[in-house]
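Think of it as A, B, C, D and E in the order they're written, each chain with its own count starting at 1.
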Amino acid sequence: MHLDVRNVSKRFGSKAAVERMSFTLDGSGFVGIIGRSGAGKSTFLRMLNRLTDATEGEILADGKDILKLRGAEKRAWQSQCAMVFQQFNLVPRMDVASNVLHGLLGRRPMMATLFNLWSEDDIARALAILDRLGIAEQAPKRAEALSGGQQQRVAIARALMQDPEIILADEPIASLDPMNAQIVMDTLKRINVEDGRMVIANLHTLDTARRYCDRVIGMRDGRVVFDGTPEQLTRGAARDIYGADASFSESATSTDLGALQPDDQYAAALLGD
Amino acid sequence: MHLDVRNVSKRFGSKAAVERMSFTLDGSGFVGIIGRSGAGKSTFLRMLNRLTDATEGEILADGKDILKLRGAEKRAWQSQCAMVFQQFNLVPRMDVASNVLHGLLGRRPMMATLFNLWSEDDIARALAILDRLGIAEQAPKRAEALSGGQQQRVAIARALMQDPEIILADEPIASLDPMNAQIVMDTLKRINVEDGRMVIANLHTLDTARRYCDRVIGMRDGRVVFDGTPEQLTRGAARDIYGADASFSESATSTDLGALQPDDQYAAALLGD
Amino acid sequence: EGITQFNIGILGGENAQDRLNSNECLRKYTEEALGVPVKLFAPADYDGVIQGLLGGTIDMAWLGASGYAKVYLTDADAVEPVLVKANLDGSYTYHSIGFARQDSGITKLADIKGKSFGFGDPNSTSGYLIPSVEIPQATGHSMESGEYFGEVKFTGGHEQTIVAVNNGDIDAGVTWADGQGNWEDGYNSGALRKAVDAGLVDMNDLVEIWRSKPIPEGPIVLRKVLPEDVRAKMTALVGGLKEKDADCAYGVAAGETAGFVPITHDYYETIIEVRRQKIASGS
Amino acid sequence: MTAAAISAVPDLHQMVSRKFRHRKWRAMAVPALIAAYLAYVFFAFDLPGLMSRARPENAAILLGDFWSYKTHVTRDNRSGEVVSAIEGERKGEYPPGQAPDWVSLGEVTRIALPDGSEVLFLEDGSARLDIAGYGVMALALAGRTIELNLPPGTDKPEWLSQSKNRVSINRGGWRFAMTPSKTEVFRYQIGWELFFFTLDSPFHGRSLPELAALALWQPRLDPALPNAAAMARDFWTNAMWRHGEVAWAMFETVLMAFLGTMGAGLIALPLAFFAASNFAPARALRFALRRLFDFLRGVDGLIWTVILSRAFGPGPMTGALAILLTDTGTFGKTFSEALENIDAKQVEGVQSTGAHAVQQMRFGVIPQVAPVILSQLLYYLESNTRSATVIGALVGGGIGLLLTQAIITQKDWEEVCYYMVLVVLTVMAMDSLSGWIRRRFIKG
Amino acid sequence: MTLANAALANETASYLAHVRRKRLYGGALLALFALLMLSGFKLANDRNAGGFWDGLHRIFDFPAEIFSEAFVNWRNLPGLFVKFVPSLIETLNIAAVSTLFGALAAAALALLSTRGLSLWPRLTPLFRRMMDVMRAIPEIVIALVLIFLLGGGPVPAMIAIAFHTTGALGKLFSEAAENADTKPVEGLASVGAGWAQRMWFGILPQVAPNWSSYALLRFEINIRASAILGFVGSGGIGYDLKTALQWGQGKYDAVVAIFALLFLTIMIVDHISDRARARLVKGERAA
């Protein structure tokens, strides 16, 4: 898959959320987009998935401008390009397997799906995917009954069910505790490596980006301000992206379990409040 | 005030929360009741205040069995024996002064109280009490707008409004940070010393008990297992009360500001969950 | 064109289920005669049946004279009177009777001046239409509340009027009776008689204070668009009911009757005129 | 405690006590306003007049009649024939020559009454009343006049009403009335007589063990039917209480409520999407729909009934349609509000897979609003069962017709009581049914 | 981490079984519902005097008749509006007073029937049943019985509506009270406050926004109910509407006037109470 982002902008009223963004992606890497809150990360992913319309620019996927797609073609693109959300965005009252099967909504005859009539094969595949993510035994439970980490894995399973070429993940671990965050990131990485699907993930911590990504794109105020390998992401570059002052400490954005050191000040702060 | 607790028990179904508890108190000491969660501390205080009926036994206050009181007599006893709760139990939507005046509900004509008809004297007294506890400026605010420590002082002010002979306090500082905990305990101690009112407080930390109490009663599984001065409360005695194994460390129960040391394990535990 | 079903509407006055039961025999005979399913309907007030006739969902009904006038004035082509119930003496009129409580001291219309007066149902001939025209002629004043009478209101029906007067809720009211027989029995037939039979009132407690001119009994009407043979069959059936099954005729007529005799629209011209005038006068 | 805080206290005191004074006034003003309004209403509703007109004795009649019945013993003064009938109805008539055990027929009819009084219908058409605690009274017919002889030396008691040709006596537990045409005694007794079987049923008057024995092993009374079936038939077709027809009427009422509520739900759900701000394709459409809902709701079901009866005539469907119209308005409003409150995340999640708009509704929206819709439907089903009672009276169907007619004709209060109990039980049953469904489908 | 092949097959089979069962139940339920609706509709249609399809095109006949007359006599309308205002006020009074009394009684019953708050915990089931029964009896029945006892007029309607309101609000009130925090109540109990004081200071401030929101909604419903009771002979504007509607031709202008008046009132009250309720509930959130 070759992705060519050309001068894409998105304006909400007069405010530009994404401003003339351009870059190209090739093959099946793990791409991390970092930047502070409001930088435009989510807006970009949402445009890529066509949840939001771009104001201008084009995104060529293997030469076709996906921003121009309409109706069935647009839905076909969405089903090739799965999305994983920070808040999981599952249907909490339906069971886990049904949520995973929603990944097929774009592909199966409408009437059958409306009555929840899935073929046995589809169901078997959904369970196999759940099994691959280690949560097959949760299949009959309601999604809302699961822990956050498990729900995110269900969301990934739904994405996999789409058998997509790209998986977009919008801060997939921001609502998770460090333990579950690691499981989810490992899962995404495994999918990236084992299946060769491209993953584009918005991340809000540097160390995660460093650890999992092949390529990191840094955004600030809707513009790309960094594009390189994790190694090139120095402390100085990070300061640039986050627009942080001298007090900027990487560990404040850390969720890595290993990175945890005794920190008097931190404990005191926690206790003091 | 002479308090004689004789074989008091309380059973919930088949489970005994308090089991044949007996001891006597005289004069106006500061008594601490300690014991681990579920030991029956709250249940005992609630029986003493007649919020819960005892299953058997008697409690003689100056010779009268207060467990037998009914109706108006019971309410009269309650108004002599004020209670301070862990969660403050104020009326959050009413202002602080009204909450303090509620201490008089048992004494003023019902109709007048329902129409909020408090005499000027009563209001002046409520303000004086708030002033004594250092929160007079908060009088017109809603109780819910106050910090935890302030709310607990309002609760103590309500107790003082009752002009009680005994103040019962059920883990008065458990929901407070160490700073506020100290203010509240100091306040209770001052009232104990200056006014000569007996204070019985459930406490969940040993050091607080040691620091403020004249006498400590230890409970375990509904029974009194220790009764003595703070000096007599050795580490061994504490292990007995808490039923702790060798790893028992006093500081785990500490809320003393001075006692706070960097504690890797603690911080890790807080973060890990 | 033929018909596929035939609906008969019956009017209020007694317990709904009793009404349906006493008309059940008529339903059976009609089914035999027409060979189509026949249904009975007994809505709680006059208007239900009238709307049914106007809308064409009810094919036959026994209306009050005023009710017929209302149907005629709304749509002159809707229904046609065919038969009327005859009293035992062969007459087919009755009276609107004004009455009051004995202990109220009221004995004539003039005594109610400034007091309260009750009509029954606005679509009732004897309970509203006729007295609302004849009483003003007698008193020389309109029937507006406060003009001559203190208050004028509708009680909802004959039974309610009787009970309201008996209870003293209103000082006087009107209802219907054949005017034959004795006052203390509530006359031979009519709402008063029914109330006495039911033990609701003691006629000793009531006095008659006014009586209208004879009022024509309401007609049995058939919808005009019904096929000729259906109308003929139904007219013959009801007309011959007394000979065919006297018990059934007693039930359908709600009392003793000499049978149902033919009648035409002309007989109701006066009533229609009265109603037309009332409409014109805007009250 | 700082010095500044202490010096602030007197100020504070003033401020707080002003606040309390303020509150005191408000606390007094609200009840005072309410009291003033109630005083106005007291006169607007003419309560003094009402009290003078109230008929407490009617309450006694009504309450007594709720759980008692009366038996008429009537002599036709022309033919001399004596008939006993329960509630004076033909259906409750004792067969000729038979009577309740407290009536002895013969040349002279003797009627024993509960307070120890006795009434005799004498051969010559006159009557003798031996009234307990009062004395003996004789009544005779002279042409069209009734001659009344009181015991010597007594005044006319207040429970006696007399005119030239009617005498009536009301002694609470029984009444007596004589006119030239007939002489009647009414005796009140506790119970719903003939509730199970009428007099013509072979099962009438049998005790429970007897009935059980008959049902289970004793020989058939009616050779054509097993006893149990015959009992069921006699009960179901009971001419006095008409259980079969009443059950049918009750069913018809529930049917109207069911059709109306569910039909309204089916219509309102799609419309609600067009009226919800987050789904409406056009503001104008949304506005128009909202006003339509307001209109449908604002016109009560009863008025819809009147309007619809021209088009559809009387009958249960007219009632169901009236309920349907009103509830379409109600549901349109509540459903669209529920739709406006949904969580967009779920829709987005479904949308991101490439789902069609209809699929987004089905999986992103419906699961969220289903609980609200279901509980609304159930709540209104219950409440409409009550409304259908009233509407039924107008369209001539259902328990409502029976109930209102029984009340308006004011004679069979025990029937009113029976119907009321039925309605209440039905509504309560629907209440618990809906509670069960709610637990099963919403919480589960 | 993943299951062995056999285990997965097992899991899949059991989930498939679960799906089949659900489909069966779901399908059966849907079929049952469809069957009930269709047969119910057919039954009702058969028992109706006129059929649904036959009548559908005549649905506007009656409204057209009414409005055409009112249109001709439009000059009468202003006068008619004024004429019926007193009845409208009576209807509003009935609704207001019955909501007031109903809400007061409901508050008492609700507190008495809420677990943990009741003055007599043993009697809570009794109070609950009482509310169920009060809710279940149709207002019209009570009104008709009371008309027999008290004679016509607004009072029977008022009592009937208040009675029903008590049951309906009682249930909602007690649900709200159940969710209230009991800590303040306990705090008040500890100072020796009586039951009334505990409820007044401990519960009422918490439930007041919800309760008043429910009461407002009830007021709205009760306006309609009191208009309807007028329809069966219990005073107010419903009585005027019924008389005019029954008389028919010649009074259709009055019908339109009353109707417009009533409808307008309902709309206005609806609107005001909608806003007031939104404020009440939002205010609660803000606090």
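Assume contacts are C-beta pairs under 8 Å (C-beta built on N, C-alpha and C of every residue); 3 or more make two chains touch, one makes a residue touch a chain.
For clarity, every value in this text was computed on a predicted model and none was experimentally measured.
If you lay the C-alpha trace of chain A over that of chain B, the rotation comes to 170 degrees, to the nearest 5.
Compare each chain's C-alpha centroid with the centroid of every protein C-alpha atom shown, and the nearest one belongs to E. A comparison of the C-E and A-D interfaces places the larger number of contacting C-beta pairs at A-D. Rounded to whole angstrom units, the spacing between the C-alpha centres of chain C and chain D is 27.
Separation between the centroids of chain D and chain E, computed from CA atoms only, is 18 Å. For this pair, chain A with chain B, the centres built from the Cα atoms lie 51 Å apart.
Chain B and chain D, compared by their mean Cα positions, are separated by 56 Å. Looking at chain E, residues 47-50, 55, 58, 61-62, 148, 151, 232, 245 sit in touch with two or more other chains.
Not a single residue in chain A touches at least two other chains. For chain D, the set of residues touching two or more other chains reads 53, 55, 58, 306, 309-315, 393, 404, 408, 410.
Against chain E, in their complex, chain B makes its touches with residues 49, 51, 74-79, 82-83, 85, 87-94, 102-107, 110, 113-114, 142, 144, 155, 158, 162, 168. In the complex of the two chains, the chain E residues touching chain A come out as 1-3, 7-8, 11-12, 14-16, 18-19, 23, 26. Chain D makes touch with chain E in their complex at residues 34, 37-38, 41, 44-47, 50, 53-56, 58-59, 62, 252, 255-256, 258-259, 262-263, 294-295, 298-300, 302-303, 306-318, 320-321, 386-387, 389-390, 393, 397, 400, 403-404, 407-408, 410, 416, 420, 423-424, 427-428, 431.
Chain contact summary for the complex, chain E toward chain B: residues 181, 183-184, 186-194, 196-197, 200-202, 205-206, 287.
Residue ranges on chain B touching chain D, taken from their complex, read 95, 97, 115-118, 120, 123-124, 127-128, 131, 134, 136-137, 139-140.
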